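Data first, discussion second: the structure below is written as structure tokens.
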């Protein structure tokens, strides 16, 4: 891991939504870098901005009501925030691909699966109908769909959820993108199917060297799949660390709480620890650290000033005043 | 086998519905306080009880109602709709005479309505909340709200009478004689005759009544298209398609439109059904010798067999249209095809 | 023959197409007339418009050659009444042929009139007074009457008694047998073509749409220069006005006063306004059960005095007349119009007080959905309501469709107070005798013969008087007796408004035929 | 809800316009005796068919009656007819559809076939026949309209109920032991009614149109009642005097447009799918 | 832990629930096919299984929201499978249900107070007790305040809504509560709160739970005994500690290994299950799991395995044992 090539760099990304109830700061000064071949996991509670940040990368935030209000996203030296729609169309599906949570609704119900996969090939690779179809069938086989020649001519509703998710993945990977964003691709699936899909993603990542951003609320999945983990809370990154380190030694009180709240299969079944309170209303603005109302370690300082990202080690950062002094040590 | 069963079921359903409709009209017409004798005999002949009695006997009106009903339904099952009291001709003949005119106009209107409606719907969905959107919405609301009789008068007065832009009432200009009846639709029959000017003339006569008829349905279609397109545009699979790198045109034409138009199909079907049922006014004003006029005259003269005939025809139409829409659904929407 | 003539006209008219007004220069005349009929079989026709076509395609024994005056022989050469006025003997003209080329004989006359009688259609009553007929030879027909009928000649002008080509009609299912009502099947044939001796032959009839007439090549008499008539069925007066002004049609038969006004200045359009014999009347039931206060003769007088006849003329429009009494202006023996200053509210109020209603009363006025020559009856009703409100009678208009009950009640004499109209069946003052007490219309107002025996007696007297002068005396007597009394108030004779292209001449209002096509020429 | 309504007024001009139009007509109809300069039924033959002028804003008709006054008064009948029809038809249809959808099975089947029969029937002709049966006056015409209109509501309601009854709160209520009627009245109908309400607003316009169409065909209230449809019908004879048919026609038109704008606006406001796009 | 030691609350005896398809082609869905088991008073009986295996159907049938096609269900000795009318209504007081989706299970048009009033209205208990006080009590029990009473569901967070759902289920003081995915829709941190709350209530009120979840971690966390379902069949039933020690059924084994665990080595040995759950309208012959079972033999394809007691209290339906 000496000469790691950075492929994507996000700096201070801010996304806002204007809603009837008020303005929601969905993503608040988000910064991170993604390396080539890296499997980055993003976890966090519902509404913490995981999906929005990834949609922001693709410039797919529904506008209105959403809007990127600041920040830069560098991909191969190009700032995607400033890129035109035309340029983005070249990047989407070609360089950066995305798969979504709902395999049931994310495929067009009236177009055959094979054709949907072939479409991006024709779009980005300029293939003709026939060779695109052949390639699509090949991709379907690659993602483990049995009998792809037949399946390619079926409609999405004729397939099960797992199959559809595979079609989605085949579609996303058809053009061999540099980055694959997977937004909770397994949440709607059964565990046994989820295991199949996770294996598939891992294999593809290894064989194609695609970088993966894997969004989920299931810490178990992250733990199994990812190299690096970002924990998000109310639009912020609260902690970033290599997966093993994070689970072995969580730093941020939120991460700690989250890990303790997960039921595990152990012999003695200790009662679950909980994080008191709830995720704040997204329209509310919290001064200071946004976790401070729920944090057992919160001090006056936490409630007044927002903590900065603190670099603990080369690969670990945390946003918490508890570690303010440790930074100097490091 | 499955298919046959399906068709069989559908047919049984159709027959039951039609008998139901016939029964309904039968009851209604029997409740009418007047009797067709007064409506169809001359003021003078009414004074003569003999004529009145003979007349009643001729149409079976002197028998008890249940006998009339049973007889009627029996005849109906033999596809005999009886004889019109007003015109003294078999109702079936009368209907087959005026139906083509109505169908021709209705089809023309629905085509205009569908084309304009879908086009407007797309435009206004794409440019949502823009000035164009507001204009298109205003047009569609106008179409839905304008009283058709009033609109017909306006159009006739200005477009035909004042500006001489388009021909007015009737199906053909006087200089043309009606084409030999093949389908009964003048445009098609003229083309069969190979007479292009006549066909063009017939088309130009369709425009004004067609527009008036189309207005309402067009408004509905515009609305449905717009809201469906907006709905579809916010679905997950459109997001997927965007994530694939599709441009706006490809997105709309290849992914959104097909899905958005599925519900529009129902509206078009319903619209066509309504057009056929709502012809009365436009046909009267544009002097269009179709089912609507026939129905109007029949109601005015208590011509029971004719009224029931019209009602059955339109109900049948409605049901056929529904069936066709269902079938088309299957063609367009693979999800339906499989169930 | 319909389809090949169709294609031949296409060629000739394709040339005419280029011009703006299609018909100038051609010998085709396009006439627009109203709807409301569905057959052109003379045996069944009774409505207002079929005579336009029947008169052109068929001929009758007698005919009205102009709008006023008496019936004159047409197919008949000479005629003669017997002394007791119970038989009528006619001899036919020589050399008359039908369009088919068949010569006309007395057998055709017998066939036609017997068929009309036995079909039991709407117009069969016309033959009510004809007991039987015989044909002593090819050219002579003897009519035996049931009673003296001074109107029989007029009746024989009526379309229903048109003389059919019996050979052709029989070949197509026609019969004049007693049971013709059930066995005759010629209507279908006669709805597609004509079988008469008239100036024209009907070549196509599309119900509710158009009728095409072409010149009869075998016409026995002298024809006009119009080769072809296209008769468009266009009930709406606005439509007619517009099509007339654009030159799409040459004659518009159902204009209204107002649509006429629109065309007043147009250079190529001529308009005629004239009274028809269709008459609107107020009926007040003599039977107190139905009529309530309006059955009181004094109330009836008061109402007669209160109605604003000139106002009604204004509303109906130019050409409207107020008849003197039950015999319309224009009929032989008519006393013309009611005095212009007849209306007198003071007298009306006095009469009302005399009847015991010094403060008036409330009454329902039933009105149906029909119109009188384009004037809706509800308009008349509204005017009556307004007029009666002047003398304190509060009228509440109740509208009831003709087909849904009104017609029945009217027939059964159950309407208390109504505004209705009467179109003459056959062009003869005797048609109006039905308004007399005890006669069919009189009874609808609950007016029995016992209520006015003297007046009732005049019915038979009028029927018997075959001599015109004698008829006039009786008719005038009837009119005087109903001028101020009785349950009927004739409030207006409706006008007809015909507009036509100035390239035509001879267009005129015709009571018996609505429009006599055989009189029209192209300049 | 109120807040979003306020927002609607600001952002959706068509909705605002609709509200203004409808309110204007309603107020005019209520205050007719105050606003109308003339008695709507009194005739003045000396002033027949006058063009719009300072004395007669909308001109006069063939009886010399003031059209402006008649239009103002006419609103009373048209609006009343439109609203009442919608309320009654809506109520019947809603209940009918709710029962059919909730009970389901054969009951649903039979009930829906029945309503389909009426739907498949040419509505105008049905209304004409009913009118003929009952005689034509304001209430009978409304009755006819109701007969024709309710199945549409029933169908809409049924389809909504079919999805609403799948909600877990319905099951929860059942689990608590609630009777079917209670579930229907307290859970199902209140949660399904929104779409019916939206449809009803738009439908007021349609019913006014339908009513005036029937009046136009001569089935409606008895003259000289100043009813809009009938006024247009009368005006047809005075074709070149545009104001006779023109103003009542315009009244029908604006009223229907207003109702439609409001309906559209409410749809946007209440339909959660569209709402999120605001 | 012999079954007769404790008081048996509920017993399912060869329960079958079949759904007839709309048309002939879709066939009959055997959502629950011949399941028997017992639930003791005071225990939590957990059920896991993949989507569509019939967990919810079973749960709903147990409290007679669905009528079993065949079989008996005894609640406190009374066969409730065929109850009707007033008796059924009385039975409802004894068994309640908590749903998965907290937003869908509360009527959006009623305030919290109205929602909580409902049980008392339905059973006309207004006269017998101070309903307001009882509602307050319920609220406190689930950790909410009185100011929530006037709120509408959409004004509450997911966790709060779920608490209302729990309070409503508790209102009639039932003996048994079916928790159908009661925490699946909640975020991890809230899920823990609700799980703890359920646990607490159970102890306080002596409740019995029938706890359904597709998440084995969660089921394991709360259950005393666990049943594993596959395609309408119960394939394994055991006490939680037994299950921790030894899983007999290959499906249970595979299910457990498929769950990603925090802190586990990536790429740990995992039992791969190929393919997907077959359709319940057309289940495989013999052992329903044989199409995906790594250890399937011919016998499995032909014979339906019975649920056998392998160890005391540990039941397995597999030909291997």
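As written, the chains take the letters A, B, C, D and E, and residue 1 is the first residue of each chain.
As a convention for this text, a residue touches a chain if its C-beta (ideal position, glycine included) is under 8 Å from a C-beta of that chain, and two chains touch if they have at least 3 such contacts.
Because the structure is a prediction, the values reported are computed rather than measured.
S.K.: Find out how few touching-chain steps suffice to connect chain A with chain C.
M.R.: 2
S.K.: Which chains does chain B share as contact partners with chain C?
M.R.: Expected: D.
S.K.: Report the inter-chain centroid distance for chain C and chain E in whole angstrom, where each centroid is the mean of the CA atoms.
M.R.: So the centroids are 88 Å from each other.
S.K.: Cα centroid separation between chain A and chain E, in whole Å?
M.R.: Result: the chain centres lie 32 Å from each other.
S.K.: Roughly how far is chain B from chain E, centre to centre by C-alpha average, rounded to an integer in Å?
M.R.: 54
S.K.: Please report how many Å separate the Cα centroid of chain A from that of chain B, as a whole number.
M.R.: From the centre of chain A to the centre of chain B is 54 Å.
S.K.: Of all residues in chain B, which are in touch with two or more distinct other chains?
M.R.: 32-34, 153, 157, 234, 299, 302
S.K.: Tell me, which residues of chain C touch at least two other chains?
M.R.: Residues 238, 369, 401, 403-405.
S.K.: Would you please write down the residue numbers of chain E that are in contact with two or more other chains?
M.R.: none
S.K.: Touching residues of chain A toward chain E in the complex: what are they?
M.R.: Against chain E, the touching part of chain A is residues 45-46, 160, 162-163, 190-196, 198-199, 202, 217-221, 223-225, 243, 247-248, 257-267, 269, 271-275, 278-279.
S.K.: Using the touch rule from the top, collect the residues of chain D that touch chain C in their complex.
M.R.: 41-43, 45, 48-49, 62-63, 131-133, 135-137, 218-219, 222-224, 234, 236-241
S.K.: Within their complex, state which residues of chain B touch chain C.
M.R.: Against chain C, the touching part of chain B is residues 32-36, 38-48, 51, 54-55, 58, 84, 86-89, 94, 97-98, 153, 156-157, 160-161, 164, 167-171, 173-180, 193, 195, 197-198, 284-285, 287, 289, 293-294, 297, 299-302.
S.K.: Mind listing the chain E positions that touch chain D in their complex?
M.R.: 60, 63, 65, 88-89, 92-93, 95-97, 99-101, 104-109, 118-119, 122-123, 165, 168, 171-172
S.K.: What residues of chain B sit close enough to touch chain D in their complex?
M.R.: 16-17, 20-21, 24-25, 28-29, 31-34, 128, 134, 137-138, 141-142, 144-150, 153, 157, 223, 227, 230-231, 234, 273-274, 276-278, 280-281, 295-296, 299, 302, 307, 310-311, 314-315, 318-319
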